[in-house]
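Okay, so chain A shows up in both of these, paired with chain B first and chain C after.
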Partner chain A sequence: MSARRSLSAEWLLLPAIAFTTVVFGWPLLILLRMSFNQHPPDGIYVEAWSLENYVAVLTEPANLSAVFDTLYIALVTAVVTVAAAFLFAQFVWLRQGKRRAMLLALALGPMLVSEISVIIGWRMVLPSNGLLSWSLFASGLIDRKFNLLGTEFAAVLGLAYISMPYCFFTILGVLNGIDRTLLTASGDLGASPWRTFFKVLLPLAKGGIASAFTQAFVFTMGIYATTNALGPDGLWTVGYEIQRQMLSRRDWPLASALAVVLVLLIALVALGVQALRHRKAPRHG
Partner chain B sequence: MVDQGRVFAWAHRGFAVLFALYVLLPLGITAVMAFSDDNIVRFPIRGFSLRWFGEFFANPQWLGAAWNSLQVALLTAVMSMALAVPAAYALALRRGGRPLLQTVLLIPLFVPGVVLGIAVAIGLGDIGMFGGPLFGSKFLVACAHTLWAMPLAITVLEPAFQTLDRSLVEAAGDLGASPLRVFFGVTVPLLLTAVVSAGLFAFITSMNEFIMALFLTTRDSQTLPVLLWLSLRSSASPQLAVASLVLALSAFSAVGLGYVWYMMARRR
Partner chain C sequence: MSASATALSLKHIVKRYGSYVAVDGIDLDVGQGEFLTLLGPSGCGKTTTLRMIGGMERPDAGTIEIKGRRVDRLPSHKRDTATVFQSGALFPHMTVAENVAYGLKMRGVPNGEIGPRVTRMLDVVRMGDFAGRYPADMSGGQRQRVALARAMVVEPGILLFDEPMSALDLKLKLELRAEIRRLHEEMGFTAVFVTHDQGEAMTLSDRVAVLNKGRIEQIAPPVEVFERPASEFVYTFVGESCVLELGGRPLGEGARLGPVPAGRQRLYLRPHHLHVVEAEGQDNSIRATVTAVEYMGGGYRIHAETPAGNLFFDTSRAPVIGPDHILAIGWSSADATYFPAS
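And now, the complex of A and B:
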């Protein structure tokens, strides 16, 4: 291949880079600048170089608890999602042909569904006049209707639905690289299914589980619509606080500072999990 | 003695059934509730009719939102293809490790929609273009959606470009075709399947997104999922189920169309 050809190929990157710079880089810089401005009572912002928004995010109890709640719900969701995605990926991995294709379509289907449709669907299932409570009541299994909407359980149910297909895909990719006869060998040598699962399969799939966990954690930290619409009123995430400051209170500087903190938190979590993995890796050989 | 392995296998099967139920339930119940004749969402459903579909298609606000969604999604698909196809081609031609530029192009994918939404609103909102304000325009929403759709498209396209049969491309070059002509005349037709699936990805990403759109639209440019999000608390009628079903069906039919195209292209 001539030097001229590869040089002209480099130019093909230019539109994408230019677009990302103008629509992503520039607005992020403005956002960063905005976070140091001040919010007057009778307007949106006045130019300033002040740290008061960051002080507000990191010291006011309401904002601090939003940060804490965001991390908490993302952690719970990531654990639940990875566990469920793993069990289902393992189920698919052990199957072949047409059944496998159908199961794959089932696991990846939620990718096509908008978060808002997931919310609307669960809001018909979970309340006391919803499908779940009614069907248990009508079949005589329970004698009082119950409400699950507005609980942490509901929030996790909805949030897991959204990151599940991505986790499933990551884990299945790792499982596909594992030799299935290892499991049979372990069983033939007398290990119980439990022992085979924990001592053979899980260690082999460790890398995939870690990256699926990071994906789910980081992804969920950025979601607030589901948490807000299905979870309890007290569960106040950073994302929702950004929407409130931006659209209802019109406090752009504080909304910007919250956004900067959210991005930093996400980067910290992603780098933290990565560092943990690499520190542990040599010890296990 | 009970065989432990069989207990395990049955427990696993039970879990898979529950999982399938979990995946199908939200959309399944939406599809049923959309045909309810009742005034509110409740069980048991008292009767079935097309009443709420009638209301949906007679309401200019819902119809307008659906039309806006379609326009924004088409624009996003076109824009992200125009940017991602050349970029993925250039990235695939490079040898060696993953270049820094590729990482830069993928970063927006890891930034939450709420952050992208307010950043674009604050950073580009007060610019005027085409004789009107950029803020509230479908073009700006499509630009924001392209921040996710383009890196997604690049991740779909790059591996396909890498497995491309280089000898065909080089033959065209040796025969005197210009690099641009080689690209559009030889490379793109060879990779049409990958390009179509990446375009579908972009379309669906945009169709379903509503947090960025929430910060960038006005009442006139509102998309369907934004209107759904804003009506969530105020409406208890099966109307929401109809609108949600319309949204989901548009994504599914986009995939269906892609599949039909693929089958027809293969037969030829």
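And now, the complex of A and C:
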């Protein structure tokens, strides 16, 4: 009886599996196949079974630095986003009613505008004649204008802005599952608010933090427009490099190899975070 | 159990939420080792009062002293109180032993002392075999025992109970009640216990404070609260009661009443003081028409109506009467309580 039921459950999964295989698996296989082809000087690709593209990705300084820059910017962004999202989520979690609804609407804000609008928006805020520097200067708070556009700070800011809502809602979802009386109980037993945060709230929200981190990290690894438009010229991400190889240099095999490496890195990070999270699995009620 | 020294003292405590007054000037002294219960319906301010003692709410006016030290401006973690919460509020990511050790760690008890104290306290609440378990793997009753151990182990000046049994089923409730009684006798802690269950209040407490609308209506030992209620509210809230309105419509043929105070009065009676009158000569009796007979499991409850109000009483024998029977119901003057009709 139960064997039959689980069998029928598997059958029910079939459409989803078939869809995933066709829509995601098939292009990925084509991508993988392309990464072993060769790039002739006068064309796009010739069929081959060569590892030269991977050698190029992993040995050429320009490509390597793109990989490291991507990892670096994604890591910084993920940490910043998760920290900000956590603080905001905690703030919303401890509030009720109308105030809470308004804050939730506010959190959805970044999702209402496209990546391009986000870029344009920050480009109006960050330069030395932009909104931020200009208004501080005009109000007499500073005596020299400053430029933030084209800095790593700007890149991280833009990326964090885009991935913030996803992280926020993931963390809020986990916080909503935590009994607030636990915080009261911790204080009642003599723990200061700080110790309550580190001993009770943080451990209980660990799962949500890990998911949010993975989300922000993976998301940021794939974005290149924001990084490119707000960050410094020297900051070349893998995403940007793929785009350049694909569209400008017409080197599809190299672009494919870069993409495969990017996918593997993302998978590795996601698995690593999962492993960390389950290392000492507490049981929850 | 008389109080030798004052462990907790509340002076004219007031708490408002907007225009709503939750606690309206409460004065309360709890003696060292005393078990005091705050009893009242929901919304009477009992939980708010408890939370102000524990430091989870701040009073708008008044002072709170624990062992002579003023604490009403101190945050929760700096007060010498520990609470057993309604939900237990055990930390789900910690084992039973870690939960019980938590308060000791936070209060800076030396590491070497923590282990033995945790073990001893778990033995006291008979949860010694559960030290390594997580809260999710235990029943509600077991969790409440651990919550009890977690609060008691820090040896707080005042142990606070926030309706700790209301989420349990009847059997576990009675078990835990007996357990708390035993622990109080053995350890002699000072306790403030909040409940809306008068059975808990009666069996556990040295004194009961009956609260209504943010005020204390009566504060006295359980027997006194039940036998000599200070107000109409206390009479009706504690124990079952019947009420007859006097001075309005005539009581009907054959009604006899003992001495009644002057003015319009309400006469309160406990059902267990009522009985069927067979012959004349009773101090108090009234004719009533039976409206319903209910089987109560082990006995019967008879509902009857009179011109002045409805009465009910219990009898253990299967009654020969049914609806529409007319009978005379009597009581003795000593059992009659009069309050002026408002």
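Please note the rule applied: the second predicted complex is superposed on the first by the 252 of 285 C-alpha atoms of A that agree within 3 Å, B and C clash if a C-alpha of one lies under 4 Å from a C-alpha of the other, contacts with A are read in each partner's own complex, and residues count from 1 in each chain.
Just so it is clear, a residue touches a chain if its C-beta (ideal position, glycine included) is under 8 Å from a C-beta of that chain, and two chains touch if they have at least 3 such contacts.
Values in this document were obtained by computation on a predicted structure and should not be read as measured data.
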Go through the superposed model and pick first if A:117 touches only chain B, second if only chain C, both, or neither.
-> first
Which chain makes contact with more of the residues of chain A, chain B or else chain C?
-> B
Report for A:142: first if it touches chain B alone, second if chain C alone, otherwise both or neither.
-> neither
Mind working out whether A:268 is in touch with chain B, chain C, both or neither, as first, second, both or neither?
-> neither
With the two complexes superposed on chain A, say which partner A:15 touches: chain B (first), chain C (second), both, or neither.
-> first
Figure out whether A:179 sits in contact with chain B (first) or chain C (second), or with both, or with neither.
-> second
Touching A:131, do we find chain B (first), chain C (second), both, or neither?
-> first
Mind working out whether A:24 is in touch with chain B, chain C, both or neither, as first, second, both or neither?
-> first
Now for A:51: first (chain B), second (chain C), both, or neither, which partner does it touch?
-> neither
State whether A:225 touches chain B only (first), chain C only (second), both chains, or neither.
-> first
Chain C-contacting residues of chain A that also contact chain B = 187, 192-193
Residues of chain B defined as touching chain A within the complex = 4-5, 8, 12-13, 15-16, 19-20, 22-27, 29-30, 33, 41-44, 82-84, 86-87, 89-91, 93, 101, 104-105, 107-108, 110-116, 118-124, 143-144, 146-147, 150, 154, 170, 173, 179, 183, 204, 207-211, 214-215, 225, 228-229, 232, 240-241, 244, 247-248, 251-252, 255
Tell me, which parts of chain C touch chain A in their complex?
-> 54-56, 75-77, 81-83, 85, 87, 89, 91-94, 102-103, 106-107, 134-137, 150-151, 154
Could you please specify the touching residues of chain A with respect to chain B in the complex?
-> 1, 5-6, 8-13, 15-17, 19-20, 23-24, 26-31, 34, 84, 87-88, 90-91, 103, 106-107, 109-110, 112-125, 129-131, 134-135, 138, 157, 161, 164, 187, 192-194, 218, 221-225, 229, 239, 242-243, 246-247, 252, 255-256, 259, 262-263, 266, 270
Given the complex, residues on chain A that touch chain C span 179, 181-182, 184-193, 195, 199-200, 203-204, 282-285
